[in-house]
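There are two complexes below, and they share subunit A, which is joined by subunit B in the first and by subunit C in the second.
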Partner chain A sequence: MGLRYVQPAPGFKEYLPKDYVDLIDFGPFGKEVDVQHLGDFKEILEEHPMCAGCWMAYFVRVFYASLPNPEDTIVLGTAGCARLALSQAAVPFIYGNYGDTNAVASGLTRALKIRFPDKTKDVVVVAGDGGLMDIGFSMTMHSWFRKEKFTTIMVDNEVYGNTGGQESGMSPKGVQLKMAPKGKKFEKIPATELAKQAGCVYVVKLSPTSVKRTAKVIRRAILAARHFGPTFIHAYTSCNIEYSIPTEEVLKDAREREKKDFGFEEYMTDEVREFFEEIEKKKEVKK
Partner chain B sequence: MQDKKITTGPAGYMPNPAVFMGVELPPEGKALLYGEIVDEEVAMREAAKAMLTRKNPTIFPGPQVLWNWKDDVAEKAQAILELASEIPNCRIIPMPDYRPKYPKIDPEAEINPNHPNLTILHNKIEACIFVGVHCHYANLSLRMIRAGTNCFTIALCAFMGHEEAMASLRDVHADDIRRFKDVLVQVRNELGIEWTPKPPPRNPSLPKEEWEALNPYEYGEYMHLIIPRRGEENVTETE
Partner chain C sequence: MPEQKVVDIDYLLLEAPRERKFITGAQAMAEAVKRANVDMAIAYPITPQSEVMHLVGDLYAQGYLKDYYRAEEEYGTMSAIAGASRAGVRVFTATSGPGLLRGIEAIASWPGHRVPAVLGVLTRVVNAPLSIQPDNIELAYLLHSGIILLHAENQQDVFDMTLAAFAISEMVDVYIPVAVATEGFFVTHAKGYVNMTPEDMKLPPRDPYKAPVPVTDCEVPPARIQRDAPVQKSNFMSYLIHAVWQQEVWASNMRAMKYIYKYLGGPIEVVNPDADVFVVASGCAAAQGREAVRYAQQEGLNVGLVKIKSIRPFPAKEVREALKNAKAAIIPEHNIEGWLSKEVKAAIPNSGIVTDGPRVYGGMTLPVELIMEEIYKSLGIKKEKKVVI
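Up next is the complex of A and B:
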């Protein structure tokens, strides 16, 4: 935590493995990297054990490249696919018990405020639809009611993909899954509507087909959470295994869902809007 | 030494934890040797003997000494490098962090607390020093090493020590590491081992500097001097 944690002690650089030396020399720590230049810098996450063609793995990669302050960020996750990649990144990761990520993140955010009152520390929860909207529903909602200042990102693959394909609250109505052959009987939980009602100051629903827009949304959510309150991103990250999407058609599927029911929606409170406008004005003045 | 409670392994799958065998952490000014509380000097001499006489001695520095996260790290890191240079054919294999690695670690380049036995068995290490590893991960690793390998483990702990190690020193900071180095040199002379101090070899995963075989991309931020950006002219001649 902090830039000094990614600088080697004197004399030890030549004893570190190559991937750490690359992170020191070409990584994103202490710099502003442009997510569109992925591949030109050493990424926080490179190798991961996710399935071939996993859209969630792509999202996690973009997520890490979009962090405004990676050296001062802590990521929380829970049981599910995303944590397989999240835990391998060069950013501190906390593995919550299933469903308690937002409760842990609440305590962590408060503790960091007390421990480092003069520093900016970002806490981000990245969990699946099961972790946030099913099993972790109450703790997610209560963290929003309490206006806890951290970002929650739901990587929604619409299924319990890790355990063989049970339906989740976020599975679309009528869908038949391997472990739910009768078909789902009720609609998807309106997660973004719940977030707005519960007091999130910045809420986005998206299918991450555009790298630039996805990165912008993630940065905005983290910046807004620093100052104003809880923020929430609902991202469609298909499970190509459980939904039998051919690997080469995963992007096509994401685009189709974007047209159908995952169109880009961005909500923010007035004060958050003013905050972003100010930031953009400052950027223009700099240019 | 009357009763060696904690000895080199392999102790077998899921060995009894040292605490279940009645091993207690030493009080200030004392150390642990084979699970018994002894004077620091005694533990240091035995640890030095192990590092000098057993095969492939290796130091495993952890994140607390590898990264420059606070002001006193530099001195401790320097003391560790001085110690390493005094041990004949010593290697340094780092534990930079504790994250799981996919598909697996390179056992010649690093050690991971979740499966430290891979590095120890691959490199046939029979004596090692843990330093700068956070205590909870050191305990986990030391027990796994005792379970599955014949490695003599030495813990140079900045806090209260580790009961799972064969030799464990507590409250170890830069000065104490240098004191251990002096004991080691003394034992080395007593054993008649001749050695000229020299730093251990660098990490084998780092590329060797073969300039002719370098790819332009390996020049990092200077790459554009070789491959010009659009609209820029390449420098072909110099005065």
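Up next is the complex of A and C:
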């Protein structure tokens, strides 16, 4: 039903806000948009209150433009910067409690399966490093152990940005942050390694410097989660405020980190690889 | 598993024939779940709750439920319950003492999320020091959460309240969670007679579109659902939205009262309404209070019982009315703090009549003799203490 519920009933359209009508007429619902044409179509996320130059805000914008099925997608978030933008978007968003995303998503995904066994309903968690790897760690891990069929995207800014710049488990070793007045004492948590060990069927680590590749892995993660099991994307989305990155150098920083410790890594099970190859083949035939 | 037919809520709760069984409180809770057309249950072990969720697991294995799993811990359990309920299915879980406290951040958010879940609370000591004995101090933590809280005296209450809880929580003008509490071990592990509705009848399924707030399933407008985190709009909007939302949650809690009258015969039960002295109690303490009334009557004393079944919404008006001519109100409790005593005193104008106690805690039993002592004191009767060696 997804598509039908976003469309206004006949006669009502003229009374709806222009913003909403534009979404129906020129938005990504019910069609496949090309993320490289950002700006040519009405986006699910437009306005947001995030800081100027925020790389996470850019990532979230690309994320929404990459959804394979936006009219049937539910996004979950938790405390932190990302939800400031996530909650302004034109798809349903759930903000529960602190670090609970993967537990809420487990219940939600299973319940949707009970109610709509034959329909596609995509559930995607977009949460920060603190939410997924610190406070929500056990819920993140156990949703993977249980093979829950939804996607988890970690927008890693290596700090608790929204609460004022405290150390997180994903902050690099040695960095001096609030609550780490003498510098962080231990390494970044190896999130993607944990994801693979815990049973994620598709795992990506990236610095989102290429919009095309970013969109591709987001779509892949969501498609694989529908059929095979949990999927995980670890994206570097710097905090230009807490790490004092000049706005005009945010992209440069992302590229440098890509070379240093955020090189593109994509892991998938054989089953998932075959599935993607099958899809690619079908696309070739269509062309 | 017998084929179950869906019957009307009122018929099942009020009119359906009943069969008498001799079962434990844990079994009574599971038997109610069996008849409640529950879609999904999520479990996490803790004594003395575990048996309830074992039995519900068996119901899942038999096909009564569509999904069931053992979660990572209570915070995960209660969060997943919220997620499942927000997607529109009927859900159940249960917990005890420390487990309730571990899950309470999520539980306290259920009313605000407008989650019509049913929670079994099989009470026990809250650490430290470690003990697994019965004590209902944990219910004090639920009183301010917005959740509807029913307190069962015995196995029959557990069955009736649990079945009714599913109906009440999903009423459009309520639509908040209901907790059904009873004392661990004393009720959960002990057998009593329970009159149960037929096994082959169940409640109608949850209708997720009969709701004051939309479910999150991408099937109903508005397409853009944002009933969370108003904080990013502006501070002013945040204060306003949150304040209004809380008012609505507590108004919903009060609106449950009419269904408590309809399905559970009211929030209180009064025995011997013309008594001079009343024992006012809830849960297991009410059972001991009932015994005390029987003892007193045998001795020719004019003693009555006010059993409080609904702790939230609290029946202030009804308690006030029941105690208006009372000379004394004795409030026995299974906790050190005396949360019920505080509630009663706050509700009546003549709070000087209240005797705080007797209270037992840490797992002690509540002998009827302790209540009798207070009855004698309040009536000015001096009894010689017999010491039995």
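The criterion applied here is as follows: the second predicted complex is superposed on the first by the 284 of 287 C-alpha atoms of A that agree within 3 Å, B and C clash if a C-alpha of one lies under 4 Å from a C-alpha of the other, contacts with A are read in each partner's own complex, and residues count from 1 in each chain.
As a convention for this text, contacts are C-beta pairs under 8 Å (C-beta built on N, C-alpha and C of every residue); 3 or more make two chains touch, one makes a residue touch a chain.
In this text the structure is predicted, and so the values were computed from the model without any measurement.
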>> With both complexes overlaid on chain A, does A:47 touch subunit B (first), subunit C (second), both or neither?
In response: first
> subunit A residues in contact: does subunit B have more, or subunit C?
Replying inline: C
>> Looking at A:10, would you say it contacts subunit B, subunit C, both, or neither? Reply first, second, both or neither.
In response: first
> Which partner does A:90 reach: the first (subunit B), the second (subunit C), both, or neither?
Replying inline: both
> So, A:18: does it touch subunit B (first), subunit C (second), both, or neither?
Replying inline: first
> Who does A:26 touch here: subunit B (first), subunit C (second), both, or neither?
Replying inline: first
>> Applying the document's definition of touch, where does A:146 land relative to subunit B and subunit C: first, second, both, or neither?
In response: second
>> Residues of subunit A that sit at the subunit B interface in one complex and at the subunit C interface in the other, please.
In response: 2, 5-6, 20, 49, 84, 87-90, 93
> In the complex of these two chains, what residues of subunit C are touching subunit A?
Replying inline: 39-40, 42, 66-67, 69, 71-73, 75-77, 79-89, 91, 105-106, 109, 113, 208, 216-221, 223-226, 228-229, 232
>> Considering only the defined contacts, which subunit A positions touch subunit C in the complex?
In response: 1-2, 5-6, 20, 49, 71-74, 76, 83-84, 87-98, 100, 103-116, 121, 138-139, 141-142, 146
> Which part of subunit A faces subunit B closely enough to touch in the complex?
Replying inline: 2, 4-12, 14-21, 25-26, 47-49, 84, 87-90, 93
>> List the residues on subunit B that touch subunit A in their complex, please.
In response: 61, 65-70, 73-74, 76-78, 81, 92-94, 96-97, 99-103, 106, 109-110, 200, 202-203, 205-207, 220
